[in-house]
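Below, chain A partners chain B and then partners chain C, in two separate complexes.
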Partner chain A sequence: MKARLLESRRLLTLILVGAFLWSLLNVNWAEGLVHPGGLEALGQIALALFQPRLSPDILAAGAQASWTTVAYAVTGMTLALAIGLPLGVVASGVLTRVGWVRRLNVGSARFVLAFFRSIHELVWAWLFVAAVGLSPVAAVLALGIPYGGVLGRIYSELLQDVPEGPLRALRGAGASEWRVLWYGRLPMALPDMLSYTFYRFECGIRSAAILSFVGLGGLGYQIQISLADLNYGRMWTFVLFLILLVLLVGGWSGIVRRRLVV
Partner chain B sequence: MSELPDVRTFPRSRTLPLRLDVLCISAIVAVVLVAASWLTVLNGDRIQQHGFFSTETLERSLTFLRDLLGIGTGRTPAFAQWEEWRKAATLAYDTLAMSVLGIGFAAIVAFATFMFGARNVMVGELAPYGSWVWRVVFVLVRGLYIAARGIPELVWAMVIIFVLSPGLLPGAVALGLHNSGILGKLASEVVEGLDPRPIRAMRSTGAGHMQVMVYAVLPQALPRFMTYLLYRWEVIIRTTIVVGFVAAGGLGLQFRLSMNQFHYTAIAMLLVWYLILVVGVDLLAAGLRRLAR
Partner chain C sequence: MLRAPSVLSRTNLSTDVVLDGLSKRYDALEALAPLSLRVEQGETVALLGPSGSGKTTLLLLLSGQMEPDTGRIVLSGRDMARMRSGRERARLVGMVHQQFDLVPQLSALHNVLAGRLAEWSLWASMVSLVWPRDHDMAVAALARMGVADRADVRAGRLSGGEQQRVAIARLLVQDPAVILADEPVASLDPARAGEVLALLVSVARQSNKTLVASMHSVELAREHFARLIGLRNGEVQFDLPNPQVTESMLHALYDLRGLRGES
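Our next item is the complex of A and B:
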């Protein structure tokens, strides 16, 4: 009985609850948590949800902003693929057998991928905008770099996790490691890789929408200026556009993933 | 003729042509989207004063890097002053607290609802017969998840800052709202993938729906729920700085102020703190995940 008292899962629960309580202590409860007039604003925002502005010019602006957002997400994903695929292959360490070469390659590729994905896309975006100005290409880089880091890591894991049997058969037939990769690992890992890529595309839409915070247009920009105008009805229209867009892409990726992973 | 089998009598695969169709159409749509998007982006770049693909970009990037490292500015770089590091440390501490608070809110909401968002136990084969109440609850929960996660953290924060006064709390609430949708959906999908046998066994002994949920579904799903919780924490710590831009808490606010003042050596130092937090949380979460197994 005594051993069960500090069972690892119970320990985990204790740690998590403790951490949450610690974080509650850090909130300044003494000062007013809610703005004077904050509840009123909340009421107005909630009411506006039921009266979104649907005039033609706002809908047109929404469609325009949606396309910008989609364009950023798609171009960002192509860059992410261009980064993630080669780095993922290197990071999986399937091409080299020699000990120290392999360790060097795998280690450096993993480090680069980890660095890419540890910085949030909006922070990348701000750094790029500060460096080179408000070019849409900055948005592509800002999305592509962290997403490339994530894709590369997942790809490397998927390439390692394929069943060993068919690979041995290929090697037995005299295939080089490149051929084993091309004819063995890639075809077996492809459905999962595509499926994950589509899932990230879904996330990419949301990320692309907020890039406007640093001045690169899109749906987030429209939401931001509507809020600045205290025009909550207009804001909800654009938020609904964003949700619809995410649902659309999510539906598409869902269909593709169900076909791929059977 | 007669010695060859008639191809028309071959049993046809019913799934293959359909599969090819969906994937083919998707591939075509993807190619068109990629082409059109790159055209849009490159066109948008062309009308800029300085195109991205010019020597100007290289020069400006190099200048920016020099500014980050504090070369040739004449001032003492922020990262060379002990006082600045100490100030940033308290901000990093606040940021960590905000991330824990955010994941805590998300966990509470998701934990209370995720079982009611699972198709199999609410409307599918494991659901109680003839009960439309559970059906309504299921649709409601799933709808809330979609709305919560369809709106990015930053947009939530922009709205919440109208209601709550600036600090840790609005940022944490924004993080919590968005992530409760994500965590809830992930956890519901865990329930949908559970082994149905213990659930059926419970039901066959005459347990009510809530009893089945608490004693058959919850214990099975909990370890994976914990794993996802820790995985989301790793994501949240990266986003905390972004929410801080508008919620005015932690590293994010200072990052924004330093950017607006072109105080780039401070940006370099804040980025170092940010990376320390991210790597630290990654290691910590990996350690805690081992406990969940």
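Our next item is the complex of A and C:
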């Protein structure tokens, strides 16, 4: 039994390594990775990094675009939390004890979460733009749904992996599983849940910028326009705004986490 | 005689514990041989014996966290196996653990209030995390344990002794008729251990509650408990009032020769 498992593991490793090598063969190395004018453009872009355009009107546009991007990210994360928290609790199976009820609940919640997160936010964006047109609603849905799927999955694991002792003590005091969730699992999982949520919020800001390429406005849209104008200095200004946003969220999450550490 | 008024005493029902042919095995190992005994209300009982003697098994059975293979437990006339709701069980038995088992992220106050969860609706329990319910009751319990000033400190930031005081305060608020304690002071330093154990025993005595504790330290057991039960290899070696237990009995109890798990 064990020997067979080991064998099938080796086989799997072999298949994966094989697939990797095969994929290397399929890259067209001969035609070159960089097209003829490419190197020159790369040089210009690199040079422009040291000359970002900082005129008041561009800074104002950057601030405006940052605000739009943050607004999308915050609204998208709110939706993601509304999806991920309840579905994560159900998918963790901590509230149900009976065999088939538990399997049904956990199974369907996990399926929904997997469905939500297996489709990339850009694909969701195309779908929603096709359905509701270029509206902020499309961007928020496109961000919130896959992020909700990821959050739910992580939450369900964190809620399962808390120390058993305090939970046992709560049950001993007559607490039902719902109360154990509120007084034991959630408080104990909260620091990790928060820190992961903040990490996802950072990702959300980058995604919100990308989503604006779809034509929804924001930093990505400004970057796209600058690139189209070959105005690399202007482009870098907006990229710097993006970096600033991500750093700010990182700093904020650090402060919140420090306060939560026991 | 006047009993000291307890803020927390709920019932005056007689609560005695009856064990009737209780036994438990883990696979081949007989953790507890069929055991019958009776503990009267208000008795303070220490379970003594080397590790693996069945003390913890007996406490897990008494607290309903584990089911016996044979026999039954009757708590104030009620068969434990028939108690379906956690609430009903929580009113009869409560337990203090060696590792305190508080939720480190919650304040001492909320950890104490967790002892009230069985009495509250789910909604009230959730609201209480923001606006504490029965606040005065919890503070009174903390004060009785001498840690009222720590109410708003997160449990994870308290010292071991303080944590065990908070855990006992939670038990006070839960107010069970029978208090179980699994090596309640084994992870505290000797000075704290004596203080905390004295508090636990005096709390039980004042409200005439039954206390059954497994004890690592024979000294502390002799100092604080009225009745000693010696367990060895899952069997009762002696079950006597404290003064009648002799040194030779204790020596025989902890003698390594013939002890299961030792070679």
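By our rule, the second predicted complex is superposed on the first by the 235 of 262 C-alpha atoms of A that agree within 3 Å, B and C clash if a C-alpha of one lies under 4 Å from a C-alpha of the other, contacts with A are read in each partner's own complex, and residues count from 1 in each chain.
The rule we apply is simple: a contact is a pair of C-beta atoms (placed from the backbone, for glycine too) under 8 Å apart; a residue touches a chain by one contact, two chains touch by 3 or more.
Please read all numbers here as calculations on a predicted model, not as lab measurements.
Looking at the shared chain after the overlay, A:255 reaches chain B, while chain C stays out of its contact range.
In the superposition on chain A, A:60 makes contact with neither chain B nor chain C. When chain B and chain C are set side by side, the one touching more residues of chain A is B.
Residue contacts after overlaying the shared chain place A:68 against chain B, while chain C stays out of touching range. Applying the stated contact rule after C-alpha superposition, one finds that A:27 touches chain B and leaves chain C untouched. In the superposition on chain A, A:206 contacts chain B only, with no contact to chain C. The residues of chain A shared by its contacts with chain B and with chain C are 260. Within the complex, the chain A residues that touch chain C are 165-166, 168-176, 178-179, 182-184, 187-188, 190-191, 260, 262.
Partner chain B is touched in their complex by these residues of chain A: 8-9, 11-12, 15-16, 19-20, 22-24, 26-28, 31-35, 38-39, 41-42, 45, 67-68, 70-75, 78, 118-120, 122-123, 126-127, 130-140, 206-207, 209-210, 213, 220, 223-224, 227, 235, 239, 242-243, 246-247, 252, 255-256, 259-260. Listed in rising order, the residues of chain B touching chain A in the complex are 19, 22-23, 26, 29, 33-34, 36-38, 40-42, 44-45, 48-53, 57, 60-61, 64-65, 93-94, 97-98, 100-101, 104, 107, 146-147, 150-152, 154-155, 158-159, 162-165, 167-169, 172, 223, 226, 229, 238-239, 241-242, 245, 255, 259, 264, 267, 271, 274-275, 278-279, 282, 288, 290-293.
In the complex of the two chains, the chain C residues touching chain A come out as 63, 65, 85-91, 94-95, 97, 99, 101-106, 110, 114-115, 117-120, 122, 125-126, 129, 154, 156-157, 167, 170, 174.
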